Amino acid sequence: MDDRRLQLKFYETHDGKDVLKCIQCGTCSGSCPLSDKMDYAPRELFALIRDGEMEAVLRSNTQWYCVSCYQCMVRCPQEIPVTDLMYILKQMAIEQGISPKTAKMPDLYMTFYREVLKKGRLTEAMLMIRYGMKHPTDTLSNAFLAVKLLKRRRLEIIPQSIKEPKRISYLKSADSERTETK
Amino acid sequence: MYSVLKSEKGGVFAVRSLLKRLLTENMVDAVFVAAKTPYSDLPMPTLISSPENIETADPLAPVAPFNASRQASILLRSDTGKRLALVLRPCEIRALIELVKLKQCVLDPAILIGIECKGRMENALFLEQEKQRSGISISFYQDDNLKEMICSACNVCDHFQPVGTDLTLSVFGVQISTGIGVEAESETGTDILKKMGYSDVQPPAEREAELRDLQQQRLEAKSVLMEKTAEDIKDIKRFETLIANCLNCSNCRVACPVCYCKECVFVTDVFAHEPELLIRRAVKRGMIKMPTETTMFHLTRLAHIGHACVACGHCTSVCPSGIPVADFFITVGSKVQDLFDYEPGRDINEPIPYLVFEEENQ
Amino acid sequence: MKRDQINIGVYICHCGMNISPKVDVEAVAEFAEGLAHVRIARDYKFMCSSPGQEFIIDDIRQYGLNRIVVASCSPRMHEATFRNACETAGINRHYFQMANIREQAAWVTLDTKEATAKAMDLVAAAVARVTYHRPLESREVKVNKSILVIGGGIAGMQAAISSGNAGYQVYLIEREPSIGGHMAKFDKTFPTLDCAACIMTPKMVEVGQHESIRLFTYSEVVSVEGFVGNYSVRILKKPRFIDESKCNGCGICMEKCPIKKIPSEFNENLSFRTAIYSPFPQAVPNTPVIDPDHCRILAENKPCGACEKFCEAGAIDFNQQPEHMDITVGSIIIATGFKAFDPEPLVQYGYGIYPEVYTSLEFERLNNATGPTGGSILMKGGDFPKRVAIIHCVGSRDAQYREYCSRVCCMYSMKFAHLVREKTGAEVWEFYIDVRSPGKLYEEFYNRVQKEGVHMIRGRVAEVTDILDDPENSEDKGRLTVVAENTLTRRMLRIPVDMVILSVGLEPAEGAGDVGRMIGVSSDGNGWFTELHAKLAPVSTVIKGVFLAGCCQGPKDIPDTVAQAMGASGEAVALLSKGTVMTRAEISFIDPDLCAGCQTCVEVCVYNAIDFDEGRGIATVNELLCQGCGSCAVACPSSAASIKHFTNRQVMEELEAILI
Amino acid sequence: MRYGFFPGCAYKTAAGYRESVEALNRALAIQLVEIPDWNCCGATAVFSINSSVALVLSGRLLALADLHGFDEIITVCNACYTTLRKAIHMMEHHPELITEINKHLKTETLQLKRLLPVRHYLDVLANDIPEMRWRKVKQSKSDSDLRVAAYYGCQLTRPWKDQGQPERPDVLEQFLERLGVTVIEHSAKTLCCGASHMIPYAKDCAPLVSRIIREVRKKNGNIIATICPMCQFNLDAGQGRLNIPGTPIAFFTQIVGLALGIDSKDLGIDKLLVPMYKISDNKE
Amino acid sequence: MNDQFEPQIIALVCNWCTYTAADLAGTSRLSYPSNVRLVRLMCTGMIDAKYIIKAFLDGADGVVIGGCHPGDCHYINGNLKATKRIYGVGKIMEQFGFEPDRLRLKWIGASEGLEFQKNMAEFIETIKQLGPSPVKSRMIL
């Protein structure tokens, strides 16, 4: 792992230089609904990036706990697009094949991603089943709920898809080439 | 509001009677109009106050020894409290508007009567034609051969309809032998027509088509001219050839309606030369042409008033060496005007481009 | 002077070893000797040294030289030196031209031959140009020995007092009914904690009674014309509806006024005032005003006249009209101060939503003995708060609002913390991004407050909410929760508090921009007035004779404000004490014979230095205002305007000589 | 009024959302035409993995909508709304991305030619329907028992601030009040519900849900109006999991339907997990 | 083009920014080709169209105008006033065969000695590419 190279990649290729504006005020962490569950609060993560501790950054669960509520972004006094930077970090972590300690969220997103790549649409039940193969407890704990939903016809078992899923096979080539995030 | 002024004796008489009524009904104190003087057949800008003298007025004559905006601006130097009606061609009005922007005159006392202009002839040609057939002021509008005789600037003029007037004398779609159209373009104009008892009528059906055809024809001619001129000046050597006969007489500058400097910079010592420098230069380069300032003169004048050129063509008319001054002023001027999205005389409130600066100008 | 009388002396400087090894100075001198009108050309080791200058002076006297060219360094370095030498020798200081052969030839050219050739060209150009130089003179102009001060806060008051003490007539203009400004609203001042009123009131009285200060309260400047030493100012005096000469300030009118429920501006709307009112008891002048928007007679045309009935002095005058006064002053000091940032757009802090969220100015009043609670720090319900949060940087250091640091908030916040501790014993939580305490005794005050047990939390508050973390806790009922990260412990804090104080930043005063436009002083992107030079001319402006004092130039605390006010006053007094100012020599000239009166120059001049003479129909240059930028000369369509020392002729000659 | 409708993957199973939207469309003559063969927007998941794929997904949808002659895209889901706008925002600032996207779309003979505006159905109801039509449609008086707490979730007003204030918006309140619905003011309007993090991190996200529910109850609200299937699900299912049921979580369209006097059967109200009849004054 | 061709360049520069930058280039010993001749003016706002025309007709191969960055003008907005005029003259000269690249407007601040050096070197290179001015070795005026 080359921290310097990754830092440069984050700054230049992914246009992440906005973190250089950070004044470490903590508004983002304070605004975050889940920051107390994160390895590093967003503010800390930015300090680490600036110090070049990229491996620690990519290995952390912080970006995976980001729920994209954008609260930090609208409050940041330096107008840093915090949420957008979290996306970059998630993509970079996937690229580098680095799994954070709590690896559930990447699994969920990956499952979602593969499903959409294949079918063009998502079926929640399918997502739960496929994800459940990796993390059975998360799905099982919802079994009782599933019954309730079924009763109210709120669970779709037949997978949704676009008309001819084959037509969107180009998504796979998009997957392989990875346009750099702007 | 559009009305038709009928007269068995033709459009010129109709115009005269309109002007006469302006005077007799005390709507104006005097009329500024091209009129024949006892000395020549060439109508000159005159100022008429007594109604009987209106008989000499001949604003429709296809000739203009001067761009009358210069004489008009003398009268309009300040608001004297007297009301004046000024009968002017479109290019004269446009020049006048440029002069107003430069605070050389005011329009408050003026009732502007514009003429829809089909062009003017060079003075000599006009006199010759006038001698051959009298009443050219009417026949010009009927005889297509005469139309071919207008000067080169008029031939490419697409501003033949006046703007910013109170009244416009309309020759399109009208039989000049039977009268002339008049259109009120402002409240003042409408008031005058109403006071005189004219009624609002539909403009003749042919009018629009005639205007459109002429516009088309002129634009085509203009683009031909501009292309040719661009070729003639496309490098400085060709341009020098074009103006090789320039005598530096400054006639073009004197005739130019928007060139209003009290003393032209070319008559000052700004372009003087030190003999010692010229000799040193000749020694270094082997040979130099002694400076005549002719190229400098035309380029500087272009830089100075290129944006304001109204393409009246008087510069060409007065050039003793037959240099097509107007041609390259029209060609280069329109480039400058395009650059700044500026059209001289279009709108009195349009600021002179060099006087407006914005941050984003980079 | 006839052309054949021109005698030019050319001096080529070696500049020690700076020019000579690169440029063949002797060859250049020889070349110069051959140029037209050159009488003499020499080279010398150090032209700028005393012997070098003597050289020139002697030659001028001995050979009758009347133009001098020195080829050496940049004119930005020594032009003045050689001009002085010319003057000493008895020729006009503008009969001089410099060729910069050091910075433009010797130092930047690799090849010796090329450097020498370039030096020759530059000398030739200078010789050609100097031939056409004209003698120019500066002129002394008398100044009016009086000073206008705009704004009656502490900056304006101090500037007025200092200037008045120097014996100059001062006009102090304040738009509110009383002088005092923001400082009059404060209770204590940091870091010394002296009572603001105790130090302020005597100053206000001094201003009111000073024999050299003429006070115009409830007045505004409507126009400023003229130039340094001679500004004509028009002042609008708004009607007070009270005859100042009759009113003895007894206050009975205010007692009797039936309209009693108007939010008091002075108390930040935390209490009420009457329609006839004096903003605060110590107001100067102590004459009330009638608020025409609320007075029964003036606003509604209904019968009342309670004040009139009870005024024994008969001072009430409902027929007063706005008045205009014209004064002439030599110098102007702008002291328009600041406005507190309105925190409402930062909804996350709940100002205007939760009643217990206060701005700092509101808190100042809450804490002030003359304030709505008589100085007790009470909540709206009348109880003392048990826990108070103070939030720094509200609106400051925030790219969405004001990007700059407002400089005073850290210190006043800590003053608040101290006062809350002292007066209520409440727990204080202070949330800051960085503590900025770079003043005398400021860091010490910070230490003191910390020792007093104030929780200093490094973390900008994310939000203030009425959602409690633990709603079951009865102690927290009705409290607000302040949410922030303690960035030093990395804990997410949710602190239930009773009261929140928002330490709002400072913005330029409303209308400051108008004052600037009237006078011609520009503002920066934030609206603060721009000083002439950030380091070396912090109280001056681009407009000669106009100075800045206090927060109108940027956020400042009281000592800095007072210091700057004294500085501005010192500058104004220094300017006026000489009694005259010198005009610039290199300024615009408009040839009256050539001017066509188009006024294009008037339009382009940013200094309002060109007037139009209606009578003669021509433009004229005001030599005191003109800065010599040349905009007019270029814009003038008829070449009537020119810049002395940069005339067309002079530049053309230089060009022609270069392009041999 | 004809709009290109992008229902999104969750619409079909969302509790009565479809029923109520369709009922409103019928009542108000809104032509919400499903974009043929629409695909998933990618939501936060795809953007988290690979932004090129995410952009191609959005690009395809935009191209389809344009192809079928729509001028606007209407979503009913906050995630769809923000994801599409985010993609458009990126394309606007980096037009070269459009070229990239089109390289892929070409294989399906699609082309992204213009970026259509994306709007939320709430925006349509609140701003596009003439006052007259509301008056005509509204049959009965409103159900006076309902004290509605509007809940926006995160992604309608953020990160762009063009749907009103990003933390305390009042579009929905104003709209509902216009229809005679009683709304309450509260401080949890835009708090996060936990979104898809609820699946792996149910325990971590539980307090988020309870905070919202408790705040609404404290401010005396007895029903929550949501505008996003994810929010509705988390708040609806979450109460059961937390064992604090009692506040029904309806879609705003259902509340609107009730206010107009539409039969609750036509609004899919029976699909809510916390049933409507449970409305009680569950004050804290 | 022509290896022997050494262009003559006129630089019309303002006293406060670009002239100062040239001085700084000097004090920093940043060398650049010797073809440039500086004409010092107080502000780009005082550059008359005549100067540019004169320079070209007298044989200058290129004219570069240097002033303060927008917003930094010592005279508030002289540089902005200059911009339009210079574009106007450029447009006119272009019609007569002077390539637009022969006239350049550059904002070079007082502290940008390096910028000055770079710009001059680069401009001379551009002019060398263009070759001698059409009026070279002639005198027109």
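Residue numbering begins at 1 within each chain, and the chains themselves are lettered A, B, C, D and E in the order written.
Everything that follows uses one rule, which is that contacts are C-beta pairs under 8 Å (C-beta built on N, C-alpha and C of every residue); 3 or more make two chains touch, one makes a residue touch a chain.
These numbers come from a predicted model, not from an experiment.
Between chain A and chain D, the least number of touch steps comes to 1.
Averaging Cα atoms per chain gives one point for each, and the point farthest from that of chain A is the centre of B.
Looking at C-D alongside C-E, one finds more C-beta pairs in contact between the chains of C-E. Across the assembly, the mean Cα position most removed from that of chain D is the one of B.
The most centrally placed chain, judged by C-alpha centroids, is C.
Between chain A and chain B the centroid-to-centroid distance comes to 72 Å (mean Cα coordinates, whole Å).
Averaging C-alpha coordinates per chain places the centre of chain B 52 Å away from that of chain C. Work out the mean CA point of chain B and of chain D, and you get 66 Å between them. Among the residues of chain A, none is in touch with two or more other chains. For chain E, residues that reach two or more other chains under the stated contact definition are 50, 54, 77, 81, 85. For chain D, residues touching at least two other chains, in rising order: 167.
Applying the touch definition to all chain combinations yields A-C, A-D, B-C, B-E, C-D, C-E. Residue ranges on chain A touching chain C, taken from their complex, read 23-27, 29-31, 35-36, 41, 43-44, 75, 77-79. The touching residues of chain B, counted against chain E in their complex, run 230, 233-240, 265, 270-271, 281, 285, 288-289, 291-296, 299-300, 302-304, 306-307, 331-332, 335-336, 339-340, 353-354, 356-359, 361-362.
Within the complex formed with chain C, the residues of chain D that make contact are 165, 167-168, 187-188, 211, 214-215, 218, 284.
Taken together, the chain C residues at the contact with chain D in this complex read 347-348, 353, 463, 465-467, 471. Considering their complex, residues 8, 10, 15, 19-20, 22-23, 25-27, 29-32, 34, 37-43, 45-48, 50-51, 54-55, 58-60, 74-78, 81-82, 85, 117 of chain E touch chain C.
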